[in-house]
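After this come two complexes, each holding subunit A, first together with subunit B and then together with subunit C.
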Partner chain A sequence: MDKKTAVYICTGCGIGDALNIEQLKEEGTADFGIDVIKDHPFLCGQEGVDLIKQDIEGEGVNTVVIAACSHRVNYDAFNFGRDVIVQRVNLREQVAWSQAPKEEDTQMLAQDNLKMGCSQAKDTDWVQPYKAEEPYSKDILVVGGGLAGMTAALEAAKAGYRAVIVEKEDKLGGFLGRMKSTVTLPYKALSETGAAQLIQKVEDEPKIKVYTSASVEKVSGGPGLFSVDIKANGNSATERIGAIVQATGWVPYDANKLGHLGYGKFKDVVTNVEMEEMAAAGKITRPSDGGDVKNVLFIQCAGSRDPEHLPYCSSVCCMVSMKQATYVKEQNPEAVNYILYKDVRTVGQSEDFYRKAQNDGNVFIRGAATQLGEAGGKLFVEADDELLGEKIKIEDLDMVVLAVGMVPASRPETTPRIKAPADAAGADENGMIEVAPDSGFFANSALHLAYRQGPELPTLKYGFPDSHFICFPYETRRTGIYTAGCLRRPMETAKAIEDAVGAAMKAIQCTEATAEGKAVHPRAGDMTFPEFNMQRCTQCKRCTEECPFGAINEDEKGNPLPNPTRCRRCGVCMGACPERIISFKNYSVGMIGNMIKSVHVPEEDEEKPRVICLICENDALPALDMAGIKRMKWSPYIRFVPMRCLGSMNLVWIADSLSRGIDGILLFGCRHGDDYQCHFVKGSELANTRLGKVSETLDRLALESDRVRFEEVGITDYHRIPGIIEEFMKKIEEVGPNPYKGW
Partner chain B sequence: MENKVNYDPSFAEEVFRNVDAGDEIKMCMNCGVCAGSCPLREHMDYPPRQIFALIRAGKREEVLGSQSIMLCTSCYTCAVKCPRSIPVIDVMHGLAHYALKQGYVPRKDTAAFGGEFWKQVYRLGRIDEKDLPRRVFFSGGLIEGVRAMLNFMDIGIKLMLHRRMKLLPERKIKGIQSLRKMLDKAERLGKGGAIA
Partner chain C sequence: MADVQTTSQAILVVGGGMSGITAALEAAEAGYDVVLVERNPYLGGRVTQLYQYFPKLCPPNCGLEINFRRMRQNPKVRFFTMAEVASISGREGDYDVTVKMAPRYVNEKCTCCGKCAEACEAEIDNPFNYGMDKIKAAYLPHEFAFPMRYILDPSIVGTDQGKKCLDACEYGAIDPDMKETTFDLKVGAIVWAAGWNPYDAAKIDYYGFGEYKNVITNVMMERMAAPNGPTGGRILRPSDKKEPKNIAFIQCAGSRDENHLPYCSGICCLASLKQTTYVRERKPDCDIAIFFIDIRALDRLEDFYVKVQADPKVAFIKSKIANITEDEGTGNLILEGENTRTGEQILMNFDMVVLATGMVPNRIELDAAPDVTHDEYGFFTNNPEQPGIYGAGCVRTPTDVASSVQDATAGALKAIQSIARR
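Here is the complex of A and B:
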């Protein structure tokens, strides 16, 4: 299709007062063969939108450049359907609201912004959504038949989707099935577990297919196209699946490692799970002699919040101990329960149950157990009482219960070792190397993904599957696979139900979006996908290795095999490719390169430096908009180029910019590391790593390394932005002008 | 390990049963807001939070012999701030009362102040801000009294300059007879008289 491009400049919101619009129309569009150039004082109003629509219908305009506000606002007003390419140019937050009006520098900034927009519009192609040849499935596979798994399957079924549950035990229920009672909303008293009814509901639901004594043997394909091999009771089955919910749950922390608390040494020292099972079976008795139980001591944080064992809080053990203390009291109203705690952590409304446990007369002692022993057939515990500031001894105990924490089912007993690549450091004599938790080879077997980056979900350091914890908790680093329940983080039953509902909803969204060729979170609805120009591929494997979502498989020769339905459209592969063969219809190495080239670089004697800022459009760009909305001021010499993710940054842009005389490059990305905020998990980290290699480029050009800087900017950091820019401009002034100007 | 406390829940049971508002102690979660907000904490041997911890541990002597329970001035700061809405003041007074009944004697100053306070309220129906301190100061003898008066001279002068202290003696309130009847009955009740 031939392009017919129109440029519309809005003069409202102070843009008209800050700029010479006639000059902008002329000089900002000169090089791009624009067919229609108009301005309007209120472009997003009905009249303005109608003006554009008339041109689209009457003049046959099919590419629209709108120079007005940020692309983050009014996107619905300027949506003219998929046949019209819309390119937004920011003249409001980044120009009129943050720069001095009617200044030459402000005018030049607006012109450069418009030129970049026109250049981008020129290079943008119409988007054709991906459509696989095979039919898409919208069925949901749920791995794990506990509370979270069953709830997720039921929710999917209620929404009209078929669900398949794979449970490794011979019956559904998970830990819920092994409990006597639960403490749940409204946290006033013990409640029935409801496990039997829930299992019945799942079994009665025609849309749910249950495999028990089963395991997932292999998952291949991608969202909408998963092919799942299931082995159940020795028989094999294959299911076509749209999306997967992994709810494989948790295991208790291994109490055998808690010898210092007497576990294994004294029969009457049990874990909270053993206590629960005993209570569920009927009567709580002393394991040593079957005698009655009168005095019970619960040791909280047994192994939890301890760097030697489980460094985190499982958030449920306090409630569990109070629940079990209630069992003891129900059985014998004269019984005395002692609860030895570090901090009582009853989250949210469950504080009410803490009140109940106190009111029941349970004795809460803040302190740590120092010794556990036996005297006259009864146990005693010595502890440091933090509130008395003294050593205490509690005697005549019939039982001691260790409140052990939750370990995600995905966490391996010992760190697995795999065959190391030839050039890896730290391999042992057999060529084996320990795998990092964020590798797909770390977690315990549950899914057996036929993915190049490993068979399981990459995890965080304690073995919980990685997710963007705050913004999209159910997403994992494998598209279309969602986690729910205690696998994701330790939680109580009420939260597990909520979690399962959320994960089921994400799974449904995924199947629907995939069928329409759309991306899931965080670029939800994006219909572009990376295309590979395979003739020029050198099999370097960087794209297959660096994709944060394991979307790209590999053939034996090392050629990438893209799976567009697994793709999140972040462009990390595009930034990784040294041959620059990966591009999107509206985002490519060439396009950004051309945008940077369209920036006018003044001569050295004009003393107007130019800085290009490659800015992450997920967090840093909204923060910049916010700074503009707050009318903060910053240097007019900086040009912002939005990135899908800073991980899609290709080093060639930096080299090109510097060799054209651009004085400095600023990179705004998200925080990376353990508490990363990158929407694409690894993007900003990869950008930073790549930047380490930019020194080669700078050396080749004989330029100072101060000219390139990476800054972490969070969404709440808008107030820092003008300061960062100012400081960088000062540094550029110190370093002096780029000697390549005018070449 | 020396100085080891054996946990004994029997004293806590005794407090729950016998002390006014005693069973409210169960709800204490040891946050320490009461201790942090108490204006008299510097003068207390155990702040309220610790009193509760001692009760839980079964330290009868320490609790009932403590000055803290006698020192509470009912300012209500702790009761207002307690996140568990424990009437800390009622508990402290309940404990003081229980301690007296059990034969524990408060320290001399506290007893002297309490005695004079009661007598003056009984006589006038109100507190004379000159007379009460004078009586308390001189209860320990002439030299003690002069020394205490000199110590408080600055405050006294300031109070007078700000007209917060009248020079003339306070008069009896109207209806002092009715008040005395009430006080008489209260005393009878406190001493274990008939509770109607």
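Here is the complex of A and C:
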């Protein structure tokens, strides 16, 4: 489609008072073939918007540059449908509200902003969503047939979607099926597990297909297009799948490592899992002699909240022990239960069950076991009672129950070693390397993803493949694959049900969005996708290695094989590519390069330095808006270029800027490190790493390294922005003008 | 507002906090029409007033910004601020809902230029900062407000001050004649995500909140730590604006107490642990004492507890404080109670006290409401026998942000099922 571009400059909100609008119209738009150039005192008002609409309808304008306020406001007023490209240029927060009015420097800033906008509009193409040739599947694969897995499948079915469950055991149920009772909302008494009914519902549901004694052998493709090889009872099957829920559950912490608590030494010391199974089977008796049980002591946090074992809290064990104490009392009302604890953690309404357990006469002792022994066929436990402040000895115990914690099924016993990549440090003589917890290899086999970046979901600390984000608990680093239940975090049954429903929602949503060519979180709805100009690819593999979502596979020669439905549109691949072959329709290396080139670089004797700031549009850019709204002031010599993610920053922009005489480069990105805030996992970190390599460029140009700087700017750091800029401008003044000006 | 109509294929989400926003967006991104109503003049709810989230100590606005962007680009979600549900009738798949909108006195022409606030001389207690400072009576609720639009406090409408705002606005955005309006919706399912209120600390009379200036609540502490808060991010005691040398956090202030809230509010332990880091960041030598019954840091949040325990100037004292009195001369607070670990009587003096007050759910209380169930504490019960209206987030159970978002995502699917089943 031929472009017909119009520029509209709003003169309201102080813009008209700060700038020479006629001069801006002339000098800010030259060289871009703009067809219509108008200004209006209240562009977002009905009259202003109508003015634009008239030109769209009457003049055939199809590309609109709005030079006014921030793109974060009036987005609805300036939306003219998908056929009209809208480019926003900030003259308000970044110019009129933060710069001295009617100054030459302010005018030049506005002109550069407008020129960058016109340049960007020129290079923006209409978006055509990705559409695969094969038909899309909207079926949900659920790996794991326990409470979370069965719930996810049933809930998806209730919304009209087909589901496939793959369960490794010969029957559904998981740990729920091995329990006697549960404690759940409203936490007043024990409840039936409902396992049998739930299994029945799943088996009766025509939209659910169940494979038992089964495993997933291989997952290839991407959302909407997954091909899943399943082995069940020795037979093989392949399913076309839209999205995946992994609910492979947990295993109890290995009590054999708890010898200090008598496990393995005394038969009557059992784990809470063994206790549950005994209760479910019928009667709780002493394992040593099958005798009746009267006095039971529960040791809480057995191996949990312990840096030597599981440093985290398994959340459910307090309630489980109270539940099992209830079993003991139900069996023998005269029985006495002692519960030795660190903190009782019954949150929310489950406090009611704690109150009940206390009212039932169970003895809660805050303290730690110091010794466990046997005397006269009965066990005794010595403990420091914190509340009495003295050592106590509890004797005549029939049983001791160790409340062991939950280990995610994804955590392997040992840290795996894999074949090291060619340039990896720390490989042994066989070329093998121990992999980090978030490597994607660090997990027990469940999915067997045929992905360049590893066969399983990346995990967080302690092996949980959970989201790193508080606001987005279903954020996943493998698009279209969501986790649910105790696999991702120790949780009680009520939470596991909620979690499974939520995961089913995300899986369904992913299939729907994918079928329309739309991205999922965080750029939900984005219909652009990266296109690779393969003729110029040098097989350097940077894109396949750096993609935070494992979207790009590789052929044997090292050519990238993109999977657009796995792509999250961050542009990290585009930033990584030294050959600049990766582009989006509305975001490319060439486009940003042209924007930077459109910035006027004054001669050295004018003493007007120029700094380009590549700024993350998710956090730092809104912060800059805030600084403007607060009417903070900063240098008029800086030009802001928004980035989808700072990880899409390509070093060529820095090299080109510096060789044109730009005096300095600032990068504003999100916090990285353990508590990273980058919405694309490691975008800002990658940008920072790439910056380390910029020294080569600087050396080649014989320029000072002080000219380029990375700054972490969070969304609430607006009050810091003027200071950061001022300090950087001082540094630029110190190192002096870039000698390449005028070349 | 006769133009607001929806088919019964739409979902109504009540409450525009983290849970409501999530439920609305998750359903909309799966292709469903959603109407979101929020009582405040802005979306975001309680989390907008938090300085940081535990355990990452990251700013809530970061996630909100992403959510607002999702909302900006998704035509499937329509939202109304200053709007409350007045009545609900009907059943699953076919609800008639009346929504009441309070007047904002500022219309959609507002460009946020700020001229009305410049012209206005009247001030009101700043609701965003729990009344700890003043704000002009023509105001933007906060810098990150979404939608970004000013509001006039009703107290100046029809007065000289209101006239000054009207005259100052160049865009005809001030509308003193705005009245309360109502409009009707037809929807197929409802997600109730109306959130929570902090427990009224004044009801715990032995702690002197409201009487002793230097006794504040945990939500007030959040505002104090925020750079856009009443003190510009400085932690100062209210009586004399001095930096406290020592601070006490009292856990379970009203929670786990049959005279107040019998349940555990789930988040207060972590909130106080987090707030110790606010104090530490600003004052390396400030002594902190946390008076607690149990520290409830579930799952990997335990790591955060361990981190705070490593701070040598944070003392954990197992005690339920029985009484607070104020030293009138200094404004200091004298805490009395029993150290249940040592059995000793506590008589300790602090410059400032933070009450870790709990969560009270906003239940459905309408003149006309269909059958819904609440538990004895007012928490919404998702009853499978009563499908169509689903609770999400803290209306169901007191919980943290991540769990609320999980629950709200689940709520979106339940609502979709109510429509899909038809």
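The criterion applied here is as follows: the second predicted complex is superposed on the first by the 733 of 743 C-alpha atoms of A that agree within 3 Å, B and C clash if a C-alpha of one lies under 4 Å from a C-alpha of the other, contacts with A are read in each partner's own complex, and residues count from 1 in each chain.
Keep this in mind: a contact is a pair of C-beta atoms (placed from the backbone, for glycine too) under 8 Å apart; a residue touches a chain by one contact, two chains touch by 3 or more.
Model, not experiment: these values are computed from the prediction.
Annotation: superposed three-chain arrangement on subunit A; subunit B versus subunit C shows a clash.
Once the two complexes are overlaid on the shared chain, A:Val344 sits against subunit B and subunit C alike.
For subunit A, the partner with contacts to more residues, out of subunit B and subunit C, is C. Look at A:Tyr740: by the touch rule set out above, it reaches neither subunit B nor subunit C.
With both structures placed on the common chain, the touch criterion links A:Leu387 to subunit B and to subunit C.
In the superposition on chain A, A:Tyr312 makes contact with subunit C only, while subunit B stays out of contact range. Once chain A of one complex is fitted onto chain A of the other, the partner contacts of A:Trp126 are absent, as it touches neither subunit B nor subunit C.
In the superposed model, A:Phe80 lies in contact with neither subunit B nor subunit C. Contact with subunit B, but none with subunit C, is seen for A:Ile365 once the two complexes are overlaid on the shared chain. Comparing which residues of subunit A touch subunit B with which touch subunit C, the overlap comprises 344, 355, 366, 387.
Residue ranges on subunit C touching subunit A, taken from their complex, read 18, 25-26, 29-31, 53, 56-67, 70, 72-74, 109, 111-113, 140, 143-144, 148, 170-171, 226-228, 256, 262-266, 294-303, 306, 318, 340-343, 375, 377, 379, 381, 397-403, 405-410, 412-414, 416-417, 420-421.
Interface of subunit B with subunit A (complex): residues 1, 3-7, 9, 12, 16, 26-30, 49-50, 53-54, 56-57, 84.
Partner subunit C is touched in their complex by these residues of subunit A: 12-14, 42, 44-45, 69, 72-73, 75-76, 155, 158-160, 185-186, 305, 311-315, 343-352, 355, 366, 386-387, 389, 460-462, 464, 467, 469-474, 489-491, 495, 498-502, 504-506, 508-509, 512-513, 520-522, 524-525, 618-619, 622, 626, 629-630, 670-671, 675, 677, 679, 714-716, 718-719. On the subunit A side of its complex with subunit B, the touching residues are 336, 338, 344, 354-355, 358-359, 361, 363-366, 382, 385, 387-388, 390-395.
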